[in-house]
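As written, the chains take the letters A, B, C, D and E, and residue 1 is the first residue of each chain.
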């Protein structure tokens, strides 16, 4: 019940002003578009490039929207209130993460393969791309949220966030892309997929619990 | 005198905590690195891809740091004070833009060709890349600042900024990249270079004057 | 039955080069009102944040016997793009309580915010935001209130109202620690004078 | 020689559904102190922002005869990662004046900020920030002061000081428009009562 | 914690640390410098040229020890992070802050030496493989630690943030290193392993080991000196270091 109510609040904030909720999606399409357009003469027909581009863009889309994950709440003081309710803080954090994933991760998981198909990918390869994005995007959200929480209230922009978090994103990026590439090359990708799952499990179990204490600490000027 | 004093203030804010001034540079390297790394198997030896990647990353670096161009000043109320000094507002804005360009544009203009050389570009082609970045980065700063000013105080992140400004960036991106590509292909690039200059001249003359009134308007809740 | 709500013992805090507290001990019990007084920069807000657990002291123990605390700082703790009603609802969710619409309406009436129920917080005036944060505090049913300059930007009628509420709250076994520059101290309040060392 | 500093004529303003002013006319001349009073949400801050030109009314004319204006809002107008001194220096740069170190030191002394001269703004307490914003106002040598609740978060000694400064400023031909909830009105001030229509 | 010897426990107190450690630093500097000189002169002048690479391989004696050391430094920072989170030990925090910049500079050195070596042997200064990329990532992680320390004004908060970033980063480095198995690399795999064959001719081995040992010693010296400085600066209000800090500022 409490989880549901908190989740509704996050979505309410997200959707308060209509079109805005589309921004991450438009951003995603725009960036993928720019890439595919600028690289078009080199990539003709190579689906592996499309996969790489979509994965990288997913990272950046997530990064840009993560930047504001706790920022607004910190600015208006609601984060401090949430932190003081120590029995509800995990619920608050989890709902925030799920909400963030719902408005960026899910659309990208759907749009990524769609763009791939449009660019001429085989339906099999596109579904695999969608599948890796489905396991990859929660991991991306978790890692990003962790670093964002460390930076709450410092008044820094997305640049610092990127510099700190991109190194942490490298493994999931590598494994995600490898799975797709190996699949396209009809090679075995079990161990890479295993690592994707390992990263997913690790991050989704540990990080939500760690975020509460970290956010409390971050209140300290 | 006043210009110099205002410029010093901006740099002071920029450099207050030492290493921070390196963040855009590290960001640039990190993103170029991620791209080249993920796309490495397709781009081997093709300098034209490196050029495209460096240009696109330049856009992003600029975008992310533009996001905070007026944000901090708005949050602490100094922007309102600046806006009320209507005879000094143009000076304030110009120094802000120049300072922004000094800490992002100049380093990128130097680093871009350096990265190109490392990746195996010919020195001639790398210098041309540097030259186009030199004319391109001020244009990027100007256009970005214009949109940032329109968004002041809306509490939006870099995402909305990107969505609005990326379409405006397309011309300079295209011309900049074309000049380099044509140069690499030993073809004539005069008309593209002309357009780069035209964009530079247009944006640097019109936008600084427009920014003052726009910022004043943006104060309205 | 005045139980202890919070104790601080032997607190030392030195942000920057200048020492704020050294060996400060305070205990807050149910029914007590404590008013922190002192010149600008003497450490009132810092002490309140330490009490709430939003800031760590350099040494000393803070023990909270009631949880959660109601903390009212310089920021209002209201989501600015949600309406007044939605913010109230959120507070009761955090407390795991069911949202009592009738009580909320009553409280909004008391604070003359009835017409603002469905306005966004960002459309309210400063004083109205502060009023709304009091309504949240009351809805949250916290035992211990920590308030940083609660009267600022309230009009006289609002200030009077808040004074009465604090008195009532402490009369019913609650407690409050209040930092204030107001010229007239709160009724029944124990004054704690902080000074610059 | 009391010149006119600002006139407002026939102002109408309706943010949202509720009308704040309708046909309000005010004129501020040199030497005048105007105190805006009224309950929370009656439009004091809005009026001050309109006077400053930070907000556009729905209709009506605002004419400013002196420029720039000194405006003190809820935000302090101080760059939080610069020091007190650097902020003061910036204010005088904006005014095209040379930075007068001795005068700045004097003013900081008056406001008991001498020890904070080289502290970052973000390390100051709320009251100290407000004090610093007054120093900026004085360094700026503005003719017309627009102040939104200038006494909030100041201690009693600070409030007294500011009252004297306002009186002195208006005595020397300056003018001030002040929104305040303070129980004791300013000396020589013309009270303008705003109400909720 | 009775199992900790007294002399070590003494070091946990800032004042004693400040006093006692001075002599250590001097010794580490002397030992490290002598060792490094011996190892390098031996490696550069007295070892025969390598069969395939000729003389260019001699940079091995700088490159390999440093590339190895930086990883050890990073892991030690992460361990200090765990220690700090669990036991709230102030010294662990100081260690993290002191070691990060040293690690960062040494990583730059490892990268540059590798690139200098790569130019003649690989024909290019840079390749993208797991080994080089993980070193590059290591650089970014060190840089991240330094920046994080700088942007967070509050020391308690900064220390916790540093610990967390360091710990998460280690997992990363491990993953990237293990992925060596799957990605084709130009860079050679580890040729010295603790329990396994040694694929380096013994003539190269002696100077290499001397250099590895002395880089450890030197780095320990740098880090301790940095720690000593931080201990002094963080306790400015104390009496025992006033003079020293004042002297440093001039």
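Here is the rule we use: a residue touches a chain if its C-beta (ideal position, glycine included) is under 8 Å from a C-beta of that chain, and two chains touch if they have at least 3 such contacts.
Note that the structure is predicted; figures quoted are calculated from it, not measured.
Enquirer: Measuring between Cα centroids, which chain is at the maximum distance from chain E?
Expert: The most remote chain is D.
Enquirer: Name the chain whose C-alpha centroid is farthest from the C-alpha centroid of chain A.
Expert: Relative to chain A, the chain whose C-alpha centre sits farthest away is D.
Enquirer: Between A-C and A-E, which chain pair shares more contacting C-beta pairs?
Expert: When A-E is set beside A-C, the one with more contacts is A-C.
Enquirer: Where the CA atoms of chain D average out and where those of chain E average out, how many Å apart are those spots?
Expert: It comes to 56 Å between the two C-alpha centres.
Enquirer: With centres defined as the mean C-alpha position, give me the chain B-chain D separation in Å.
Expert: About 37 Å, centre to centre.
Enquirer: Can you compute the centre-to-centre distance for chain A and chain D, using the mean CA position of each chain? Integer Å is fine.
Expert: 45
Enquirer: Counting only Cα atoms for the centres, state how far chain A is from chain B in Å.
Expert: Here the centre of chain B sits 26 Å away from the centre of chain A.
Enquirer: Hey, what residues on chain C touch two or more of the other chains?
Expert: Within chain C, the residues that touch at least two other chains are 15, 56, 80.
Enquirer: Which chain E residues touch at least two other chains?
Expert: Within chain E, the residues that touch at least two other chains are 133, 140, 143, 147, 151, 153, 156.
Enquirer: Give the residues of chain A that touch two or more other chains, as numbers and ranges in rising order.
Expert: Touching at least two other chains: 72, 75, 155-156, 160, 163, 166-167, 170, 220-221.
Enquirer: Along chain B, where are the residues that touch chain A in the complex?
Expert: Chain B reaches chain A through residues 20, 23-24, 26-27, 30-31, 34-35, 38-39, 41-43, 46, 48-49, 52, 55-56, 60-61, 64-65, 67-68, 71-72, 75, 155-160, 162-163, 166-167, 170, 173, 177.
Enquirer: Where on chain B is chain D touching in the complex?
Expert: 2, 5-6, 9, 12-13, 16, 72-73, 75-78, 80-88, 92, 216, 219-221
Enquirer: Where on chain B does chain E make contact in their complex?
Expert: Touching chain E from chain B are residues 17-20, 22-23, 26, 30, 33, 36-37, 40, 118-120.
Enquirer: Can you tell me which positions in chain E touch chain B when the two form their complex?
Expert: Counting only chain E, the residues touching chain B are 124-126, 128, 133, 136, 140, 143, 146-147, 150-151.
Enquirer: Could you please specify the touching residues of chain C with respect to chain A in the complex?
Expert: Chain C residues touching chain A: 15, 49, 52-56, 67-69, 71, 73, 75-82, 86, 89-91, 93-96, 121.
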